[in-house]
Structure formats: structure tokens, C-alpha cells
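Since the structure comes first, as C-alpha cells, the remarks are kept for the end.
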Amino acid sequence: MSYDSTFAQIVKRENVPHPPSAVANYVATRQVGDLLFVSGQAPFQGKEIPPQYLGQVGGTVTPAAAQAAARLTGLNLLYNVRDALDTLDRVDCIVAVDGMVNSAAGFTDQPKVIDGCSDLLVQIFGANGKHTRSAVGQVALAFNICVEIKLVVKVAP
Amino acid sequence: MSYDSTFAQIVKRENVPHPPSAVANYVATRQVGDLLFVSGQAPFQGKEIPPQYLGQVGGTVTPAAAQAAARLTGLNLLYNVRDALDTLDRVDCIVAVDGMVNSAAGFTDQPKVIDGCSDLLVQIFGANGKHTRSAVGQVALAFNICVEIKLVVKVAP
Amino acid sequence: MSYDSTFAQIVKRENVPHPPSAVANYVATRQVGDLLFVSGQAPFQGKEIPPQYLGQVGGTVTPAAAQAAARLTGLNLLYNVRDALDTLDRVDCIVAVDGMVNSAAGFTDQPKVIDGCSDLLVQIFGANGKHTRSAVGQVALAFNICVEIKLVVKVAP
């Protein structure tokens, strides 16, 4: 099945609508040559952020909830990629994932959290979904989301 | 008015001299093809960082002060871009802004802070100043600055 | 002496074996055109992280230990670069270093810490080792490491 069909099937099954658009002086994506830069995304489920995804991981948010939030954030990122390219079938590979986890001091499982996004990318793009990655702890994030993730994608010629 | 003239007018009116140069084993910019990478910058006003820009936002630094610090940081970044390209008129567009806000736990308005830089970029470059963005909370920053920002810029052919 | 020979001599003298491979759905490097993106690395000495490199800088980890950890992390990053390019002699220059320091609130010497990596890069690559840089404070990092660093490298034609 094509990347785009797999994505469409997942967002339908998991009930994930398109995330809100940027409201300030920035944009969701910028393409330079075959590199597509994607703005930091949040675990929106449509217009709302589910309350279990708000707070610090290792505090009020469980690692399992944060991993689900990272998967949801990944789907929102791919909505933005699809908007830029018309179809995810134009993705060549995922280049970089920067995972930022709202962390209580002492929480050290940031990689497990970001696996929620990494595993999604490999589910959809196979080996081309593997990417370079960082996964680090932030003291605070916008709206009190538990995770924010940004991407760099290589676009097929 | 050209990008470069607009910038020159703003730094004159707002009394923002060139920031200090890097003092360690790094450089302000590196260009690869049409991508210009710019090092993290700080809210220097010339050689000094105004004291109201030192500390954590949500703590001793107000969100309004931090937004002004982000604008000032943006001007310093553009000094570095101009040094690399001789003139800001060679900017094609702003690709990416990474905004890092020195944040008290519980402060969640990082995007509002980084708007200070984003709005500046659009003031100077218009639609070409819109960029992909992340805006996250750091527990601490160098010199205790309230904000650090780095850029990726696309250079015109 | 060539970049690759210098690196080989340093890792032999400082007793730094190859770091572990990525165990989740990501990879150490991705190359797009002449840009090589490198995943965040940790201060592994072979399979272990020396205990003096675990914890927050400004807390249980001294700035001097963290600087040594940043140098060690740099060597691990270069192992990954060498794996991708077969030899470090194919490096054109270092484009970007993102240094993330596990920081106690109030610790503000992140640049000094990341100098451990920056100085290493210049030791090996000379002026071509100079890079754009950010150096910021994280509230927590994976495995409780005191520093995580990622790279972008320009590959020679």
C-alpha cells in the first residue's frame, strides 16, 4: 500500500483530524531543494489537545500517555508534510526528528517517549522512515503539551 | 524599500549596534549550497545584555520583556546574516527559527515570546520572512539570557 | 596528518571504542546531497557511560567533567560520521553543532561545556572544524547523561 494510503487509513482508524493551522507569523513547512523543513507540532487531536497529554512526563503525564502523544504529534506532522507535497508518496525518506519532551527533573526516558513518533514513521515509510534523532527534556512547552516534535524530510525528485 | 535598507533603518532607530563576535572555536554562520546556518544568538544590545533580559521568563523576566529580547536577538542574527552575505538583499527566505526560552516551570507562552523574532522577520522580509519554527522552554541558558534563537536562511542564487 | 589518522590516534590514545548502535527505529546518520545529519550522541566510553558523566551540570556533575563528556560525545559523533563516509577525510567542514547540557537551574556555563566538543572538532579538522553552534540547558536527558550533542556535516564532493 502507498505511503499516502497507509497514512489515510491510520488517521481514519485512529480518528485524527487535520491539526489547526499556524496563527502567528510562521508557516508549517518550507522546502529548499529536496529538503522539507517542518515546524514543531503538538499532540492535537483535531482542534483539541487531550488533557492526558498536558503536563510533565514523569510528573502528571505517564510515559505511556506521552508515547501516544508522540505518535499523535507524528500524524499531525505528516498532515503538514502532505499539505506541502500534495501526497506523502513524494516523501523520499525522513531525515531528522527532534523530539522535545516536557520533563520533570529526574525523568530520563525521553527516547521511549519519542519512539511513539519514530515507530509511526517506520510503520508508514518502512526503512525510508528511519531518521536521525534527538530526544531531550524541556522544563516547559507551549500550552503545557507533554511533547513537541519537528522534522526534516527528503522529498523525492 | 530593500531588505537591507529596512534592517539598517530599524537598527538605527532602535539603537542596536553589531553584537560581539564568537570567542570560542565556532563561527556565526556556515553556508552549504543555498542554505545558510546561523549560530544561536543572544539579546545583546551592542556588547551588553540589558539586565531586564536576564533570568527566567515566568520568573523574574516578564513575557513582554522576553518578547522584546527575542526581537533584539533577531536583529543580532540578521547582523550575522548580513556579515555572511554582504547584504540582506541576498536573502531568499527564512527557512527555520529555533526559539529557546529560559523558562520557569509552568511558563507556557514560549510562542508569544518567539513572536518577537518572527514578527521582526516578517516586518523586514514580508511573506519571505515566514519560517518554520519551534519555541520551547529551557531550564537554563548561557549568561542567564532569557532567550536564545538560531536560524536557517535560504540564500538567493 | 589526515583527519582520519588524527581521529584514529586520538581514540587510541584516549581509549575510546566505537559507541553502541541505535537500538530503536532511528539511524545514526542520513545524507542528503552534501549534508550529513547525525543523531544526538551521548558520552559513551564504549558500551558504558562513565558515572562522573551522569547527572546535572551545576549539580552533581562538575563543569570540567561535563566538558570532558562533550569531548567524548564528539568522538562518538565522529565514529558515526566515519561509518557513513568510510573515512573522515571525506569531511568538507562541520556545519552545525547542537549542544544540550543537562543543567541545574542557575547553571549558565553551557558554552564552556560544549567547548569540549568544539575544541575537538578544530583539533581534528582545523579551520574546517569551526561550526555554527547552540549550547543550551535541558532539565533532563536520556539515561541521565550530562550532555547530548548532534551534528550537521558537509561532505566533500
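Order as written gives the chain letters A, B and C; numbering starts at 1 within each chain.
Everything that follows uses one rule, which is that a contact is a pair of C-beta atoms (placed from the backbone, for glycine too) under 8 Å apart; a residue touches a chain by one contact, two chains touch by 3 or more.
Here the structure is a predicted model, which means the values were calculated and not measured.
A.B. asks: Chain touch graph shape: choose line, ring, star, complete or other and state it.
C.D. replies: Here the contact pattern is complete, since every chain touches every other one.
A.B. asks: How would the chain A/chain C interface be labelled, same or different, where same requires over half of its residue numbers to be shared?
C.D. replies: different
A.B. asks: Between chain A and chain C, tell me the centre distance in angstrom, where each centre is the average of that chain's C-alpha atoms.
C.D. replies: Here the centre of chain C sits 25 Å away from the centre of chain A.
A.B. asks: Using the touch definition from the top, which residues of chain C touch two or more other chains?
C.D. replies: Answer for chain C, listing residues that touch two or more other chains: 33, 35, 138-139.
A.B. asks: Using the touch definition up top, name the residues of chain A that touch chain B in the complex.
C.D. replies: For this pair, the touching residues of chain A are 22, 24-30, 32-33, 35, 37-40, 56, 98, 100, 102, 138-144, 148, 150.
A.B. asks: Spell out the part of chain A that touches chain C in their complex, as residue ranges.
C.D. replies: It comes out as residues 33-35, 58, 93-97, 103-111, 115, 118-119, 121-122, 129-139, 152, 154.
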